[in-house]
Every structure is written in structure tokens, then in C-alpha cells.
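First chain A sits with chain B, and in the next complex the same chain sits with chain C.
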Partner chain A sequence: MTQILEILISGITQGAVYCVVAVGLSLVYGASRILNFAHGSLYSLGGFLAWYLVAGGPGLPLWLVVLLVLPVLALTGIGIERAIIRPLRGSDNWKINTIMVTLGLAFIIENGLQLVFGPGTRTIAPFVEGSLSVGGITITWYKLSIFVISLALVGALEFFLSSTRYGQAVRAVSQDMQGANQVGINVNQIFGLTFALSVVLTGIAGILLAPVFLVSPLGGWVPFLKAFVIVVLGGLGSTKGAFVAAFILAVLEAFVIFYIGPSWAMPAWLLMLIIVLMIRPKGLFGVWEN
Partner chain B sequence: MLEVDGINAFYSDFHVLHDASLKVNKGELVAVAGANGHGKSTLLKAICGLTPIKSGGIRFNGSDIAGLKAPQLVGQGLVYVAEDRRLFPDMTVLENLQLGAYLPAARAAEKHNLDRVFSLYPRLAERRNQLCRSLSGGEAQMVALGRGLMSDPTLLAIDEPSLGLAPNLTKTMLQTVSQLNKDGLTVLIVEQSLALLKGMIDRVYSIEEGVLRETDTDNMQEVL
Partner chain C sequence: MSSSKTKTENSHITSVFTGAGLRQHSLVYWAVIAALALAGGLIGDSYIHHIFILVFIWCVVIASWDLILGYAGIFNYAQLVFFTFGAYGSAMLSIYAGVTPLLAILAAAGIGAVIGVVVAVPSLRLKGEYVALFTFAVHLALPPLIQQGKAIGMGGNTGLLGIPWLNLFGYQVSSIDKLTWYWVSLAIGAICVYLIYFVILRGRMGLAFIAMRDADTFALAIGVNEYRYKMLAFVASAVFTAVAGGVYAHYTGVVTPRVLGTEFFLMAMVMLAIGGMGRFPGAVLGVFIVVIGNELLRSFDDYRLLLLGVAVVLTVIFLPLGVAGLFRKRG
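Here is the complex of A and B:
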């Protein structure tokens, strides 16, 4: 029983961080229908930036690093939208084009990281040590903290989307672009905003998970794939769907890893995805048709 | 107030508007009438910065607005109400109306305009928390017009408000438009049939294959 509870808790804490990566991917998709293939590489970028500032050179504390890296990630997102997404808007085959350029960007970031930091893996020491034991169940303080931080990030995003002007504008653009234009929303500005938020979310997740998993130049593809499965399972573009799906899959993963083995985690995710899509082709909370 | 001077608009290489010119004076209700696919929506969208023009001039309140995009024009008081409503389906009636007042200028008048829309359509006040995807056609058209009014327009360009509405609903809708015009709003409206607009319009143009012609309101039945 304790065993099962422990696995469950491990899954839930993991789910919250997956959720951060996935809502970032979903946010951009929802607003602009772009699947950003560089999302995972940007996760690695966050991890490496943090590693450098914490362990590589300046030796700053992790909490300060997060604050410093935040604006860098936001500007990176705005820059990506401005430099490689906006010029393609209105072009024929824009969807395919955006896939090609974001995939290209992923390779550029990965090779850049490899060039600067080398191909090896890195890790960061967690900002809290020790663990909490209650009734025979043990969880590290660090996992508990990243669980809380992740929930706070997703909660803040949800509040932004539901209760602020700009958040309303993001939803407006995702639901009817011409309608958004008609009421005076600058669609390019909103695209830039969603990219900024998206890169912040994935980059922060990359930092938070650096002490748990390792950081490596090519290490972003697993989080990308997982975020993609979460977003499709939850329903493309639905934040609520991504939230629910992240927890379902992370708990599933925790049980599969414990009872069957780590190499079965991804197959289990894909199996789950196939089953859900057979029953609900739009995913759990998918509402938009394209 | 609005002067359109010989504009041409294309979809790829399909020439839709041919040297279209028209004029709307302050306080007028001007109609453009024409059959399916003759370029009525394209005309309004081109004026309101939602589709590009290749040549020609557009002046609004004395300044050149050709080439400006909708977000800039909405801020100047030139607002488009789409024939296909273009509501945000997964947002509530209230959120849709609030988004009409997205820009700073309109936001300053948001409270006042919201009261105005709700007194015009008490039904929308009742349904303020309902998602727009679940509204009836008539209610959706009310939100579309209401959202346009929330942008605090000085000239409202209304595209076929009768589209998809039952005749009695169309009649009420057009009476509302006429009342708004009497209260001081300048209106440019597009319709296929002018029968229901009779007695409300100051001037009328006919559009045929993208060619605009001003017509006598008395003879407008002949146009159709």
C-alpha cells in the first residue's frame, strides 16, 4: 500500500513538470496552429544556461539564476517569432514551412549547445537537500518544491488566460483570427507573446528538472515527445486538457517504470494515446476543428 | 467622412473590385446592394483593412487610410461587423463584448457602451455568461453587432446582417440599425435585398461584378 502511494506521489509530482512543458507547447499551437519542434531544444537551452550560471562560471544560486534566465527566455521566444515565424505568415504551405523552420531551429540550438558545452551530460545540485517522510512515505524536498513551483506556473498561466486583457486576446486569436483582427487585436503581437511565454515555460522546466534528469544537447527530444503526446491526448490547444493528460500519463509512467521497467514508459504512453484517440479522436478536451 | 476612390482588390489573380468608388457622409446610412459573389464583402473588408487593395485611395475623416490594417482603423472608429459573425465561440457573451473594447480608446467608454448594448438587447444581458457557440443565429447576430458597438465606432460597416436570419429577426435587426443611425452613428450596410431597408437609407449603390454604381433610392427596386 505504501509502495503504491509512493509511486502515485512520484507520478503526480512528475506530472506537474510535464504539464509545464506541455502547456507551453499547447499555448503556441492554440494561438497560431504552429507545432514548435524546437520546444524540446529550448528546454535543453534553459537547462544549459542554468548549469553555466550555477556550476560553470559565475556560481550563482539557482533561485537567482531562474530570475536572470527568465527575461532571456522571453526575449528568445519573441525573437524566434519575429525572425523565423512572422516572415512566413501568409505564405503558401505555411504550416509545412513552420514545421521546417522550427525543426531547423532545433538542430541549430542543439549543435550550438554541443559546440559551446560539448556533447556530455551535465547536472545541477538541487537548491534544497533532504527529504520529507510521512507515514513511511518518503519524498525529497526538491521534488516537492518543483511540484509546487510547477503548479504555481500553470496556475499563473491559467489566471493570465482567463482573467486578463492580453490573456483574453490570446484566446480570441486562437478561436477566430479574423474576429480578433476586427476588434483591433494585433495578431503578430499576440503570437510574439505566446512564443515568449512558451519558451519561458519550457526553459524553466528544463532548469527545474536539471537536478533530477541530466542536461544534454540532444536531451530535449524526450520532453518534446512527451509534451506532444500530452497535448494530443488532452486535445490540441486545450490547456485544461494538457493539465489532465500530463497527470494521467505521469502516473501511468510511474507505475510502468516500477512494475515493468523504464524502457516501457514511452510505449505505454503511446498505447494510451492510441486508445484514447480511438475513442475520442479530438483528445480528452479537444474542441477546435481545423 | 469616408471617401473610397477607385479601389481594386484581388484574390491571387482573380480581380474582384474594379475601380470601386463610394462616399459616405457623416450621419448617413448608405447601402450597397448586389447579388451573391459580386464583391460586397470584399468591398467592406477592403475599406476596413481586412483584405488588401492593389490600387486606389481611401480617406477616412480626411486622412489617407489605404494600406492600414484593421487594428489601426478600429482605433480610429472604423469598425466592421462580419456577415459570418466571427464571434469567439468558446468565450462567453460578456467576454465577446468586452473584447470589442480591447483598444484603449474604446476601453475608456467600455462601461457606457456595455450598458447601451444591454439596454438595446436585454436578451444578451440575460445570457452574458453563456458560451457563444451555443447561441441561436439571432442571438449571435446581436452579439456581433453589440461587439461592433463596443469598439465605439464612428462608422460601422455592417455586412449582410440578414444572412441566416428568419425574416422577422432580420426586420428587428435592421430597425435597430436604423435607430442607431438616427442616434448619430454613420452606417455603411451591405445587403442582397433592399426591400427591408426601404425608408431607412439615405443613399444606395449597386454592385455588379465588382463595379459600383450609385443609384436612386426611388429606383432601387429596379436595381434588384
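Here is the complex of A and C:
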């Protein structure tokens, strides 16, 4: 019983971080209908920047590093939108072209990281040590704190989208780009904003998970794929959906890892993707669209 | 960005696909192949033969990808999955069952057809970028499965070694015999590319693909069976790619999960991006440019993959129609 509870808790804490990666992916897709294949490599980018500043070179404390990395990630997002997404707007074959450039970008970031930092895996020491024991169930303070931070991030995003002027503009663009344009919303600016937020979210998740999963230049595909399965199950563009789906899938993953083995985790995610797409392609809370 | 405008522009992308001029174009095509065959005999350098053997194998993969992505408009990214199954299937048949390599390559076509159906069934329930992600997920999930497949003789990480040489009428063609391999791969490549661009895409099937891609509602209205033709696109694409995989396995004598690695995938993407999708002979020219360019970049080995990634982004932005677009006046 305690064992099952422990697996459950490990799944739930993991799920909160997956949720941060997933809402970032969903945000960009919602606004611009771009599936950003570089989302996972940006997760690695966040992890590597933090690793470098904490353990590699200057040896700064983690909280300061996060403060320093945040604007870098935001500028990276804006830069991506400016440099490779905006020139394609209104071109023929917009969909296939954006898939091609974001995949190309993913490979640029991956190989760039490999070139700068070398191919090995890195880890960051967690910022809190020790663990909490309640009734025979043990959970590290670190996992508990990244769980709380992740929930706070997703909550903040939800607040931004529902209650601020810019958040409402993002939702307007998601619902009807042309209409939003006509009422005077600067669509390019909103695209830039969603990319900035998305890169910040995935980059922070990369930092938070670095002590748990390690970071490696090519390690971004796994969180990317997980985020995508979560977004599909939750329903595209639905933060609430991603939130629920992240916990369901992370708990399932925890059970698969414990009872079948870690090497089956990825095939299990793929299987979940297939099952979801077969049974309910519009997801739990989403609206099916073409 | 009105969608109707995009649709009409798309129709210009289509290269000549009906029967008109088929005979002349075929003649030009085979003349080029004959010239390549002759050139192979005149070239004395086995390194150059090797590069061209790779070009001919890649041409089949990229032409198949162009068929499904460029012509049928299905965002399939599992192309190297088909290649891997062809390579492993053909290699395992000849290693474990003693099937003669030429037959094993033919059997790879059958394996390709089956895998094509397996990937197509879930994909056909999806639309647009969902297909891209699903198929790419299959690509990413395959290497761990190959590791698990060690139990059934897939060789795990080290892959399969000592794949038997091609046996042509009692004559063993070793990997060192580059000139014979040059002609063999040219012959197989030429036939596959001809079947793809001149038989399939210029026939009824090609017309249906293009109709579905450029005007899906209209295609449905005039009675194009969407499911059947999309399934056919997957199967045809997988069959030819699996053949290429089989040829590759017997040429190199080694297959490892590296065929699913970043380098091959990136190469394939650059070829298609530089060549231009859905505009024969763009994609095939892309193969020549990228394979030869990649060899010239060998001296910058550390930066090679980075440069390939940059090449994808730059060509999509600045040359959206690929080199094929250079031949045609842009409207």
C-alpha cells in the first residue's frame, strides 16, 4: 500500500513539471497553430544554461541563476519568432514550412549545445537536501518544492491568460487571428509574446528537472514527446486539460517504470498517444479542429 | 493569409503530371541515367563511386518521401522507419535464413508494405501536424525497441555485422567492388525513381494525390477515395524506401540503430528542403547537392550537423521552393 502511494506521489510531483512543459507547447500552438519541434531542445537549453552558471563556470546560487536565465530565455523566444517564424507568415505551405524550420532549429540548438558543452550528461545539485517522511512514505524536499513551483507557474499563466489585457489578446488571436487583427491586436507581437512565454516555461522546467533527470544535448526529445502527448490528451489550447492530463499520464508513467521497467517508459508514452488519438482525438477538454 | 489564395498558388507548384510529354521526359530521364552509367565506368576513383552509390540510395528514399510529403501532402516523418525496417529485414533474412541478398531485398519491399500499413492506419485518423508528430514519435520510439529486439537477433546497439554480399549470377559483389555497386545501385535507384515519378505520380494515383493535397473537399466531391489513396501513398512510399534500406544494408554490410540517428534524419530533411517538395526533379537534385556538399564539409566535422540545421532553416525561409523553384518563374 505504501509502495503504491509512493509511486502515486512520485507521479504527481513529476506531472506538475511535465505540465509546465506542456502548457508552453500548447500556448504557442493555440496562438499560431505552430507545433514547435524545438520545444524540447529549448528545455535542454534552459538546463544547460543553468548548469553552466551553477556548476560549470561562475558557481552562482540557483535562485540568482534562474533570475539571470529568465530574460535570456524570453529573448530567445522573441528572437525565434522574429528570425524564423515571421518571415514565413503568409507564405505558401505555412504548416509544412514551420514544421521544417522548427525541426531545423531543434537540430541547431542540439548540435550547438553539443559543440559548446560536449556530448555528456550534466546534473545540478538540488537546492534543498533531505526528505520528508509521513507515515512511512518518503518524498524529497526537492521534489516537493519543484511541485509547488510548477503549480505556481501554471497558476500564474492561467491568471495571465484570463485576467490581463495581453492574456486576453493571446486568447483572441487563438480564437480568430483575422478578427483579432481587425480589432487592432498586433498579431506579430502576440506571436512573439507566446514564444517568449513558451521558451521561459520549458526552459525553467529544464532547470527544475536537471537534478532529477540530468541534462544532455540530445535529451530534449523525451520531454517534448511527453509534453505533446499531454497536450493531445488534454485538448489543444486548453490549460486546464493539460493540467489534468499531465497528472494522469505522469502517474501512469510512474507505474509503468515501477512494474515493467524504465526502458518501457517511452514506448508506453507512444502507446498512450496512439490510444488517445484513436479513442478521443479532440482530447479531454479540447475542441477538435482541422 | 486567406486560405483560398494559398490553394491557387499551390497548384503552380505541381510539376507536369499528366500524360503530356511523358515519352519525351522518359527519354531524357533514361538518357541521363545512361550518361551516369557511362560516367561510372570512366571514373577511376572508388571514393567518388562510393559517394555516388550513397546518392543513388538516397535518391530512392527522398523520392519516396517526396511522393508522400510533397505530392500526397501527408506530413509523414517516419520515412527512416521504413528504411530501417527494410535494412534490418533484408539483413536478418540473409544472415539467419540464408536468403540470397537479391531476394532478401525484394522481401524488404514486402516488409515495407506491411510497415507502411501499420504506420498508416493510425496516421489516417489524424490531420496535418498531428500526423507529423505521430510519425516522428514512431521514429523516436524505434531505437529503444531495437535495443529490446536484441533477444530476437537485432544486435542491440552494435547492430548487425557481416551481412552477406550481393550475389549476382554466382558472382559475389563485395563492398570493395565499388564499380559493380555503382551500376547495381544506379540500376535499382533509376528503376525506383522512374516508377515513383513517371508511373505512379503521372498516373491516376498521382492525380488523386495532388487533388487531395490542393483541394481536399473538391477531391472528395468528385469521388476520390481519400482513405484508399492515402493508404496507397503510405504503402508505395514505404515499399521503395524499404528497398533502399535493403540495398544499403548489403552495400555497407552493417546496420546499426544509427540509421535512425540525427545525422541521417537531418540529411534527409535538408535534401528535401534544398531540392523542393513536389516538383520533380527538385528532390533528386537536392540529394546530389547535399550528399556531395556533406562530403566537402568533412573537414569541418564538428560543425557539420550544425551547418546542416542552419541550411534547413535558411533554405525554407529564403528559397521556399528549393532549387526546383529556380527553374520556374515565380508568380
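Quick notes on this one:
To be clear about the criterion, the second predicted complex is superposed on the first by the 289 of 290 C-alpha atoms of A that agree within 3 Å, B and C clash if a C-alpha of one lies under 4 Å from a C-alpha of the other, contacts with A are read in each partner's own complex, and residues count from 1 in each chain.
Here is the rule we go by: a residue touches a chain if its C-beta (ideal position, glycine included) is under 8 Å from a C-beta of that chain, and two chains touch if they have at least 3 such contacts.
What you see is a predicted model; the values in this text were computed from it and never measured.
Of the two partner chains placed around the shared chain by superposition, chain B is the only one that A:N186 touches, whereas chain C remains out of contact.
When the two structures are aligned on the shared chain, A:R171 is found in touch with chain B, with no touch to chain C. After overlaying the two complexes on the shared chain, residue contacts for A:R280 are found with neither chain B nor chain C.
Counting the residues of chain A touched by each of chain B and chain C gives the higher count for C. Contacts of A:L270 after superposition: chain C is touched, whereas chain B is not reached.
The part of chain C that touches chain A in the complex is made up of residues 1, 6, 9-10, 13, 69, 75, 122, 125-130, 132-134, 136-138, 140-141, 144-145, 147-148, 262, 266, 269, 273, 277, 302-303, 305-306, 308-313, 316-317, 320. Every residue of chain B that touches chain A in the complex is listed here, in rising order: 48, 50, 69-71, 74-75, 79-82, 86-91, 95, 98-100, 102-103, 106, 147, 151. Considering their complex, residues 165, 168-169, 171-172, 175-176, 178-186, 287 of chain A touch chain B. The touching residues of chain A, counted against chain C in their complex, run 33, 35, 37, 84, 87-97, 99-101, 103-108, 110-112, 115, 218, 221, 225, 228, 232, 263, 266-267, 270, 273-274, 277-278, 281, 290.
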